[in-house]
Amino acid sequence: MLDASRQPEPLVRVEGLKMHFPIYTGLFRSHTGDVKAVDGVSFDILPGETLGLVGESGCGKSTVGRALLRLYEPTAGRVIIDGEDVAHLSAEKLRQKRPTMQMVFQDPQASLNPRMTLAGIIGEPLDEHTSMSRAEKTQRIYELMDQVGLNRRFANRYPHEFSGGQRQRIGIARALALNPKFIVCDEPIAALDVSIQAQVVNLLEDLQERLGLTYLFISHDLSMVRHLADRVAVMYLGRIAELSPSKDLYSRPLHPYAEALLSAVNEPDPELAARRNRIILKGDVPSPANPPQGCNFCTRCPRVFDLCRQVKPDLQEVEPGRFVACHLFSDKTTAGTTGVPEARIEHNQQGASK
Amino acid sequence: MLTYVLRRLFIAIPTLLLISVVIFFLVDLAPGSPASEIPLTVPPEVRAKILESLGVNAPFHVRYLLWLKQFFWVEPMYAIDYLFGTDYAQGAQRIISYSSRSPVFNIIIERLPQTLTVIGTAYAVAILIALPIGIYSAYRQYSWVDQLGTFVSMVGYSVPTFFTGVVLIVIFAVKLQWFPSIYDTTLRITDWGSLWKQIHQMILPVAVLGLYNAAEISRYTRSSMLENLSQDYVRTARAKGMSERVVVLKHVARNSMIPVVTIIALGLPGVFGGAIVTEQVFKINGIGAALIGAIHANDLPMVQTITFITAILIVTFNLIADILYGVLDPRIRYD
Amino acid sequence: MPNGAKPVLQVRGLKTVFRTRTGEVHAVNNVSFHLQRGELLGVVGESGSGKSVTMMSLLRLLPAPPAEIRAGEVLLNGRDLLQMGADELRDVRGGKVGFVFQDPMTSLNPVFTVGMQITEALRKHMGLSKAAAETRAVELLQLVGIPDARKRLKAFPHQFSGGMRQRVMIAIALACDPDVLIADEPTTALDVTIQAQILELVKELRAKLGMAIIWITHDLGVIAGIADRVMVMYGGQVVEQAPVRELFANPQHPYTRALLKTIPKISGEREARLKVIEGQPPMLSAAPSACPFRERCEYRHDRCNAENPLRRAVDGREVGQGHDVACHWQAPAPAARETAHA
Amino acid sequence: ERGADGHVNVLYWQAPSTLNAYLSSGTKDVEVGSLVLEGLAGFNEKGEVIPRLVESIPTVENGGVSADLKQITWKLKPGLLWSDGTAVTSKDAKFTYEYCTHPDGGCAQAARYEGIASIETPDDLTVVINFTDPKPNPYTAFVGATSPILQAAQFANCLGAAASTCTEQNFKPIGTGPFKVVDFKVNDVVQLEANPNYRDPAKPAFATMTVKGGGDAQAAARAVMETGEFDYAWNTQINPEQQEQMAAGGKGVFLNGYGTLVERVEMNLTDPSPDLAEGERSTTKHPHPFLTDIRVRKALSMAIDRQTLVDIGYGKAGRATCNLVPAPELYASANTDCIAQDIEGAKALLDEAGWKDTDGDGIRDKDGKKLHILYQTSVNPVRQDFQAVIKSWWESIGVEVELKQVDASVFFGGDAGSPDTFQKFYADVEMYANNFDGTDPEPYLAQYLCDKIPGPDNQWQGENINRFCDPAYDALVKELSVTADMAKRGEIAKKLNEMLTKDSYVVVPLVDRGRLSAASNTLGGAVLNTWDSELWNASDWYRIK
Amino acid sequence: MTDATQVIEAPRSQWRDVWDQFRHHKGAMAGLCVLLLIVAFVVIGPFVWRVDGTYIDPDAAKMILGRNKPPSWAHPLGTDQVGRDMLARMMLGGKVSLAVGLVAMLVSIFIGTTVGVLSGYFRRLDGLLMRMTDLFLSLPLLPLLLVLMFLYGNLVKRAFGPELGTFLLVVLGIGLTSWMHSARIVRGSVLALKEREFVLAARSIGTPARRIILRHILPNVVSAVMVAATLGIAGAIITESVLSFLGLGFPPDFPTWGGLLNEGYVSLTTYPSRVIWPGIAISLTVLSVNYIGDGLRDALDPRIRGR
């Protein structure tokens, strides 16, 4: 859809976003460290685009999504949505800004108040931000229900009376109520059964087409992300490892972690599965409270070398539209010392500036 | 763990100080006066003198600070002197009861044995009864044993001890005359006969309190067991081919006992405080009786000291319960 | 595949019902299957289709009051587990049949050391001394790829990561050299990369130890990667059963076909739109008298409402041996391969 | 023979908290203390003074009391020994006086030593007490269980502020009484054994004694009368039905005797209205709106059936009385005119006083004001029953009654800051019991002097609760204080008693509350004495075999 | 709760499910029936049995004869030591005891919920409020309660009259010393709820904290609070009767079950029924309330209800 032909103004621009959760220990509960859930993340999302955000559990995907909407107070960085820096808005300004940016949550059960009716849930944003009359509100609620394919008769039912897919539709309707421009979808399908996932994904696609929405689509289901996203950011331990157009990433991942991640995905075809060459990573993800000194991935990377253990690589554009944070692709390695890996040095001459 | 304990102790100190002020303040503000115990035949001037000599009229903060010093400094000195035959205290003024003019701590120590034997035994008996019942009725949920156990423990929990106590006295002490109606604190256990006598006089109060505590503990045990019986690891244990006995008594019980043990620990300060009502009903002159007597007589130093010791015990046992929790449950690590 | 040999596990007509206050739940209906020595049988189906209940019924691990095994036989090496006395059954559990459960976080007892939880089974079934059991436990931990095994024996489950715990679970299941290993969604709770580690491990172990495995999952990708044969369950019944390649190449049941289409591909062309299975899973509140999938089926016809289809062979071999399906509708045979691939 | 009868069990359900009468807070301590500590003289059950440590009772006749009533000379028996074997001397008596009159000591019995100018000890056996003013009743100091002799040697370091730190001394005083303390547990139990140096070598008959505390009157009665666990129980004041039931138990008998304790209703002659400013409420500045009318007071008294009160509350342990001073005989007026209830008479009297029920609501009124009474007392089951019953009587004569109960520790606490003390009397009428110590009512009657009215200026510490003030009464009290002749004293006292009761109905006595104790059938020699300690003759107790 | 739409069809609420589950708990249903009977006895009883429980015959002779009577048609439960009708007194006493239980529970739940919600929701208040809760938990409650009775007794009694005053005092006293457990329970569930995604969703909509608490948090802690509430009633009734039994509750002429029991205690052997009736009444009430609490706990537990 939108490849290299860059529109000038991104709808969302994230610069150096950091989200550290403090750890207090010891006799006096002193601040002894931080969980670096998100540690310097930058990207932008163009209007009408879907950016996929993938990575292992605990790598900070949800935290990015929440910090973006200022559901967490970011430790550092700027989040410019539609021209305003959300990360530094005052409380009242932020409230007024909320309609432009909304979120769809992972667990459709947990994200709906079990004691409110469907109409109450969808109507809540209208109560908070508009001064519609009762009738207008009802009308709007019905409209929204139509939009997400919920029968109008359901308006007075409670969440537990719906199936998982329907519940997620309620969540989406709530997010749509205020005509947002930007929606963060935090694993909206992870809790759903396979046969229902497709319904929700199709709905999201339809809505994007009809309303021109912009999505940040967080998921660890790589095949879904491939289906839905225009560009994909791969996160590892609070940092972006690779940010590439979806097509490129899936055909030829650059970062070793992205490569391993993609190879680990199960191919639902025995023929292909038998032919696939899996990269099995060793060991576990380090704790974000105590990340390695150098590259975050250096403890599990199959192609690690000395520099990786000392210096954190920055995210750099190594091919047009493709950003990678890896010493294998950085300038320093060429100038660097020993152990320069043979491959792919030719890609890293772009001198990306962000 | 160590820092955790230290930190808790650190917090405990201001908490306790605050508690001591609160108690002192509340007890002190009570409108009754120690003079109410003095017979009306004593003329007003003499009363005034007596109150003066008790130090009742000193300003609040003076009395509080004095008490604080006596509690935390003088009394420990006396304790050391008593234990090691030293003389650090050098005759410093101790905390003196208004009504008996004797050191409050002597009274407490005098009364501790009764309280500990009766209430303590009741507690121990309660635990011994409660655990098997709780475990079994959870394992066979909705069986008749469970229904019965639930009913009995509900009854035990619902019927106030003063009622059960009174009923038992009427039946067993008055009508049947099987047991004495007045507890003898002078009894020394020297031989089988006196031991039997001691057991004899403890049966009724122990039964009343034991029933009450057993009811509570078995409720906790049961619900904790039920919680754990539905856990996945139980299925794992069964899938490993473990016998039901091992599954229930080893895997489940070990997990279920964690909250139960802490509940038991939290109940222990009550053993010191004595069950005021039970002591009252069975005429056991323990700490609880001393407290209620002191309240009625407006014996402020006594009330203050007993309540404060109870508060210390509560705080301590809270800490112990927390630590026990950590010791029993490897998942919990206090940093 | 050692065809024709006597299967190590043979299940016939298994029927499990839950009695709840709101009525009965017929969770497993007339399920039959078999498992050959050294074979890996994959079981797929959406949530609530009765996969777990089936497997737990085999070892009678379901809580007795609500669950009731109404009918069927479960022959393990020719002996019916459903008729067995409690003591004998305990020898089978953990001894002849190992079980790995879905959630590694809650399936281990949090207050006992990992070592104790492994040796417990060893001492019971193999009669080993404490020391011998520990030695064996160390071997097992090494086998499942836990480094520094001897030290780790003294660790508690919470000190392990999810993947490691699942390895421990596998070690426990393998402890007594079982003939059959039943793994109930052992990787669902794990991350992609960790999942890949475990799958790799199982493949290795199977090659090394040669036991029969039942692998439950709802991820077709996992099945495609490791299974020999696949059984598809829906609404408490087996709706299709076939060797893995055959199933993916030539799915017969409308549910299987739909399921395969809902999943976006990781490689190849990107579909414009995902296929959707409309509707809800069946209620299971009564013994089925009609096809459980009829409400959601695009090929539904009158007969589906009247009659619950029996499993019939597709490729001419006996039901259960080759490819069979429980559907009244006949798939237009050969073209299927294209759909599955495209 | 001493010690021949073994062990005796005594139950004091309100357990003693000290054995030193001078630091005691109540009868229980004094009485148990009397087993160990004795005065020079005591009282017998008739209220007569009897010698204990002295040869004889000094009187004006035998010259022991000087003619001007300003000196009394006591002669100790020779050869008396303390229980530790040392000799008893007149120095001990003088020391005791110093001990109790020390300004910092807080001595509870200081009133007993009031009016003493000095004490001289010309020799080891002679104690001479000089009074500042003539003292018609010189038997206060060193007489009775409330002013025993302490051993100077033992208490030498316990003077003044040190008194209360002398725990060992207070708990195990060395005395001259029939027993000595072996062990003392505060508010719990005292164990005693026969005093080896007791002056009568044949006494006491019991070798050991336990005085146990705890429980309540009912349990105490039961322990003697029904279970037989104890030989003697003090103050077994229980309701009449139970008295009967237990008496039927057959294991023991109730002993009763009457002293001077009278349960009474006191009328407030000043206005307790809460509308008045604090400091003016219940003061003589504002007379009571209607209780100043004797007809109202009398009507209230007439409506009460005292015998019924006795029947529901005290049974054998009480009797109806119209006297403030019901005993000793010498001082007791024959006044009985209030005993019969007279509802109709009461109504007529109120009518006469102008209180009529004009609006037909059953409550009398006058000048638009209702006849409304706030009736307060301390929390105590018997008193609440009395309140309820009296309320129903008063309501039947058209008086609206509001009841109020105050916790005893507040009511009797004397805290000037509390509005609920009986001295402040922020109510129209109040009920409690009071008595006097010993046999002489003079100080008791002197409480109703005009200058003893409690008020803000004396921190509400006066004893003239009713705010009664009658110059004739004051004059008569003055006369009593200088009258030595016993018969004459009796006359005056009776007159004073009547001025407060039947002449004015300011004090409305209800019940003469006797003492009720229980003694086992196997305990011999127990005689209830209301003038001294109940254990006054414990040396004579013996076991009936 | 603000509801945007008019209710068209009656929705099946959560509480229906709870009730369905509750109905199947035999003990709880039995408890509920017994409790309703007791409430009926206390509330409707006086309209049927129109004898004044405080009436004493002013005729002294008759009064003396009418005392301590065994049950008869005129006095089905007999009379007390001054001839008052015991049945009427039991009704009077029950009214007070039940009212104390109910109101004290409400006070305690109100404080507990407020403290719990505030400390669970606002991290800044958490430390302070939890320390306060710990402090209260460490205070020995019975003595504290007794002292409270002493301390503010007369003040309150003067302000509200002796009966209402004591009532308020007892109720506040019990309420103020028994809220800590519900505070902890509520805090726990608020902490969990706060992390639930629907609260996050509300925040992402821009709902202010106040309304989040009212709309999302409170309705969801109700179930936890309900159980605490039933058990609180039982606890309060017992505490009140203990106070009365120790002679520190309501004044003796103001009947409560605990007070009646204390009164009857002195004539235990002569008229045991005077102890038995109030004793049974207290025990039955507490027992039935406890059973109801048990049933509620099961009914409100989604894990059990879901099955």
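Letters A, B, C, D and E mark the chains as written, and numbering starts fresh at 1 in each.
Here is the rule we go by: contacts are C-beta pairs under 8 Å (C-beta built on N, C-alpha and C of every residue); 3 or more make two chains touch, one makes a residue touch a chain.
Keep in mind it's a predicted model, so treat the numbers as computed, not measured.
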Check: What is the chain whose Cα centre is as far as it gets from that of chain A?
Finding: D
Item checked: Pair joined by the larger number of C-beta contacts - D-E, B-E -> B-E
Notebook entry, point to check: Per the centroid of Cα atoms for each chain, what is the distance between chain B and chain C, given in Å?
Noted result: 55
Next item on the list: Could you please state the distance in Å, as a whole number, between where the Cα atoms of chain C are centred and where those of chain D are centred?
Entry: 91
Item checked: Chain centre separation (chain A, chain E; CA means) in Å -> 51
Check: Which residues belonging to chain E are in contact with no fewer than two other chains?
Finding: 150, 153-154, 268-269
Note to self: Can you list every residue of chain D that touches 2 or more other chains, as numbers and ranges?
What the structure shows: 222, 407, 409-410, 418, 420
Note to self: Which stretch or stretches of chain A touch chain E in the complex?
What the structure shows: 66, 69, 71, 94-96, 98-99, 101-103, 105-107, 110-117, 119-120, 123-129, 134, 137-138, 141, 153, 155-158, 160-161, 171, 174, 178
Item checked: Of chain E, residues touching chain A in the complex -> 1-14, 196-198, 200-208, 211, 215-216, 219-220
Next item on the list: In the complex, go through chain B and note every residue touching chain D.
Entry: 31-54, 91, 93-94, 96-97, 99-103, 106-107, 110-111, 173-174, 177, 180-186, 283-285, 289-290, 293, 296-298
Check: Okay, in this complex, where on chain C does chain B touch?
Finding: 56, 59, 61, 63, 65, 90-95, 98-99, 101, 103, 106-112, 120-121, 124-125, 156, 158, 169, 172-173
Check: Within the complex, which stretch of chain E touches chain B?
Finding: 27, 131, 134-135, 137-140, 142-144, 146-148, 150-151, 153-154, 234, 238, 241-242, 245-246, 261, 265, 268-269, 272, 275-276, 279, 282-283, 286-287, 290-291, 294, 303
